[in-house]
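As structure tokens, here come the structures.
Same chain, two partners: chain A is paired with chain B first, then with chain C.
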Partner chain A sequence: MLEYTLRRVLSFIPTILITLTSIFFITRLIPGSPIAALVGHQAVGAEQIDEITRDLGLDQPLLSQYLDWLPKVLTGDFGTSLFYSEPVVDVVAERFPVTLYLTIFSMIFTIVIGIPLGIYAAIRRGRFADYASNVVSSLGMAMPSFWLGFLLIILFAVTLGWLPASGYRSPDFGIWEWLRRLILPVAAQSLAQIGLVVRMTRASMIEVLGQEYITMARAKGLPESRVVLKHALKNAMTQITTVIGLTFALGLGGSVIIENVFALPGLGQLITIAAVRRDYPMLEGGIFYLTLVALVVNLMVDLGYAYFNPRIRHTR
Partner chain B sequence: MIEIQNLEVQFPGDSGPITVIDDLSLSIGKGEILGLVGESGCGKSLLAKSIMRLVPAPGKITSGEILFNGDDLLTLDESEIQCIRGNQISIILQEPMTSLNPVFTVGNQITEVLAIHRPEMKKNERRQRALDVMKRVGIESPDLRFDQYPHELSGGIRQRVLISIALICGDVQLLVADEPTTALDVTIQAQILDLFVQLQAEHQMALLLITHDLSVIAQTAHRVAVMYAGRLVEIADVAPLFENPLHPYTRGLMRSLPQIETRPRKSHLPTIPGTVPNLADLPAGCPFFDRCEYGREEACTSTVPRLEEVSDGHWVRCHLWREIPRFASATPTARSL
Partner chain C sequence: MSTDPAHILPESFWSSLSGARRFRLNGMVVAGSLILIPLVLMAVFASFLTFLDPLSIDASQKLLAPSWAHPFGTDHFGRDVLARTMYGAQISLRVGFGSMLLTALFGILFGVISGWYNLADVIIGRFTDSLMIFPGFVLAIMIMAAIGPSELNVIISVTVLYIPRVIRTVRASVVEFRDAEFVEAARTVGVGDFRLLFLHILPKAAGPVMVQLSFGFAWAVLVEAGLSFLGLGTPPPAPSWGSMISDARDFIRSAWWLITIPGCMITLAVLSLNLIGDGLRDMLDPRLQSRGEL
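Presenting the complex of A and B:
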């Protein structure tokens, strides 16, 4: 198991290199330049623009910019944000927790609701509960999360007035103040994910429950709960873990939308703004850290596989 | 000890339910070994599962009784039948490659039975008992195997793990063994059959031995039941059945047995022409008619034959059993096997 983990961690290195390279070049492919965004509507002369361009190193050929940039980035130095005039890493560190809370809570919510619901639908296959869960999960998957977000705001913030419509407070203001601003975003984020997890859990549970070893487990005299929750679920978990991993990665992407809908000052929002302003260092740093989270989650998924499936654990 | 009466199992089909086991009655006494033979698809495995109420969905036992020590297994509630499964009645399923759960160790899967039925046993006692049983069914270095996963084992060892699971509780009264030795090579096969015979003698365990292999039946069983298209077609003690098989299907099975010949073989191994009929579309009369060498229109195609007692304990389901010539073939009889 340890060897397996180490091998997976080592495989991060090429992935990170490729990621960084793509981030760099894709960022530069965006039309427009940071200078235009920086100077905005101020009247500046061509000389001044040239000066800024030189300061930022943007006059260099792309390849030498890249070769200059990569070693620094590999030590974690993404430079200074063009707009915040602060080190990128500091800005990211400040925004990061918001995104992390949003995705982690959505994930927990998704797992805690999605898996049991999927199991239940599988056991009650072809009956009312199964159809009901099918309708609800299809609906959840079909609704765009931003639209769902607006609906939730209209209902819970505007009409009922139970929860704030947008904004964020850090936990320092008190747990409740912090949590209540996360409830709606988490709900909007989770609903589509829950649909996916329910369907996947249901499908893989149904497949597993038809296997001969399940008949065998029953033939041993095990109670049905143990047959389902021990023998079937552990087998189904391999597939469910995959979907959860994918969902998480999608959720990170989705946070860009949700954070904008709910005005949450997270990484997603930061990246959106940085992209609009062509704030290269900020954009690169933000995307990189988001990618890093996705990588770590992928690793966790792979370790989850190995935990649930001894055949993977034993593959050299 | 176990008495199956008028068992009927159906599966839903496109045009109404399909009867997969039809009006099947069978009993196995204490300490008896009953061999059950028939082609693939005749309902043997399903019968095995029916006894433990494990008919795979959407199949259903639609009528009949299965009396086990006087109780009807079909009317017990779920917790009562769970108490019996794996404890008093055990089953060895046909597929050793897929009957073990891939994500749990062998030891876990064996001792789990004890955890359910012998909750008073301590963990190390369970382990010890498992190791003993594993050794007894011929698993070498059981303490190594105990912590392995099914994918690390050969088919033969998996089969023996399944047998260990079936026997672990120690006082199984009826063992249902569905092709228990098919995956094993001949020497191991003999060991396992010996073990069954031994258990049957020691504990008066009854055994329902399902197999394709008539020689296994001849060696081990006391009585033989022959199934065709979901029905019993013949049932008799081993010796009379091998000496005087009455049903044309039984005869066909026996004729298809390969023999050791002293002279070069002149012809192909005889086979029964055709295949098992489609259960959803059974002909009106005898389901074996199409493949039967003795069959006659009218006599065979108008009604389904009933099981008749020909002589003491020898039953056959054939309209023409009186007319067909006495079985004379070079096939080995029970004695010569």
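Presenting the complex of A and C:
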């Protein structure tokens, strides 16, 4: 296990480098575009443009810009946001908890609903409950989460008036004030993910239920509930662990759009605003940290998976 | 024909998809097509189905509820929502079709190269891995920020987003069959590399690639809508379903039709394409469970 852990953690280093390199070259696909964005609509003289170009180091060749940039960002210095005039890292740190809460809550919600539903659909395979859950999960996967968010706002905020339509309060204002503003975003984000989790759980459960040892367990007269919940679920769980990791990554990706619907001041909203305003340092930093969290969680899931499933540790 | 025995060896695309003898049209494919075909017809014949211009502004016709004159009502600029919905279908379908065409072309090309040449495999593998690192459509946001919002650029970023999956599938098929007996047999009778690849090996990958492209088409519709909603996709005044939802957000209290209609259209389009993908997969290999991959 130690060897496997070391190997996985070491392979993390090149992954980080690749992530940073991709971010650098993709955002600079078009040379000089940060300037055009920065100057934008204002009438700015040629001198000022030159000055900004020099300040950002954009007069250097791309490769030397890259070699200049990489050591800096590796120490966490993504520069100063063009729009907020604050260090990127500070803005990210301030926004980060919101995205984390949203992602963690919707992950929990997705798992609590999705996994039991998937197991139930697998047991009732081919029956009404299976079809019903299939229809619901297909619909959930087809609906754009941002649209679902607005439907929830219309129902629970506008029509019923139970919950606030948008905005955010930090937990300092009291737990309920904080939680009630997260309920609708979490619901909107989860409903889109539940479909996926139901399908994957159902699939791995059906696979396990078809195996011989299950027939054996049934043959020796064990009650069905014991066969399903003890014998089958234990084996299906290893596959479901990966689903949990996937949900987290999905949640982080989805938060980008959900935060815009509900005006949550998180990392996702920051990234999209930076993209629209072409605030490149902010965009690069925001995307890097969002991706980093997804990678770390992925690493933890892999390690957990190897812990529960020793066979994994010895394959390559 | 008879001079080349290798001719009889490869399975054709259609028989690999359906198994010829066990051909049975899947219910999900039928259901998906029944939803998709009207959408396609609506997009293609938009200019015959409505005489209203999706872009013409009329301040006197602002925010009208659905009526005979405007079955889907009008928006805050007095534009006819039905016309915008129909022309919006054109954008979604163009983006989906365009990006999947590019994905298929380059995905197959890079996949074949990657599976056939070991050196290229390392480079292309690194490349696809690095694209798949980013969660959700963060990568698309980054690309759109760099190259600017336009319909063509949406097609490009959806392609970049989706191509790693197709490359991997094609590569897997090439690697699987590279040393297969029928390939060796073909080689001994003097079939060249190029022909081997494109006539003998690639048809084996055709089924899985088709499945992926139909899911990719659905994904493209969602990504286009999402990007346009964020203001990074198809720029206004083009009637993209995503920007229609974005425009409608200020009127959710007063004009329900503005937000419900484009959302329903996206859902129907994505649902139909996912159904077709699921159905095709079951036709390919009935043992495979429907594993929803993004």
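Simple rule for what comes next: the second predicted complex is superposed on the first by the 291 of 316 C-alpha atoms of A that agree within 3 Å, B and C clash if a C-alpha of one lies under 4 Å from a C-alpha of the other, contacts with A are read in each partner's own complex, and residues count from 1 in each chain.
Rule of thumb we're sticking to: contacts are C-beta pairs under 8 Å (C-beta built on N, C-alpha and C of every residue); 3 or more make two chains touch, one makes a residue touch a chain.
The shown structure was predicted, so the numbers you read here are calculated from the model rather than taken from an experiment.
Touch criterion met: A:L295 reaches chain C, while chain B stays clear of it. Judged by the number of chain A residues each one touches, C leads among chain B and chain C. By the document's definition of touching, neither partner reaches A:D68: not chain B, not chain C. In the superposition on chain A, A:G254 makes contact with chain C only, not with chain B.
Contacts of A:E51 after superposition: neither chain B nor chain C is touched.
When both complexes are overlaid on chain A, the residue A:V276 reaches chain C alone and has no touch with chain B. Applying the stated contact rule after C-alpha superposition, one finds that A:F146 touches chain C and leaves chain B untouched. In the superposed pair of complexes, A:L29 makes contact with chain C only, with no contact to chain B. In the superposition on chain A, A:K220 makes contact with chain B only, while chain C stays out of contact range.
With the contact threshold set out at the top, not one residue of chain A is in contact with chain B in one structure and with chain C in the other.
Residues of chain A touching chain C in their complex: 15, 18-19, 21-23, 26-30, 33, 137-139, 141-144, 146-148, 150-151, 153-154, 158, 195-196, 199-200, 202-203, 206-207, 249-250, 252-254, 256-257, 260-261, 271-272, 274-276, 278, 280, 283, 287, 290-291, 294-295. Here chain A touches chain B in the complex through residues 210-213, 215-224, 231, 234-235, 308-311, 314, going by the rule given at the top.
Residues 126, 129-131, 133-139, 141-148, 218, 222, 225-226, 229-232, 242, 245, 248-249, 252-253, 256, 259-260, 262-263, 266-268, 270-271, 274-275, 289-292, 294 of chain C touch chain A in their complex.
Of all residues in chain B, only 49, 52, 54, 56, 78-79, 82-87, 90-91, 93, 95, 98-104, 112-113, 116-117, 149, 151-152, 162, 165 touch chain A in the complex they form.
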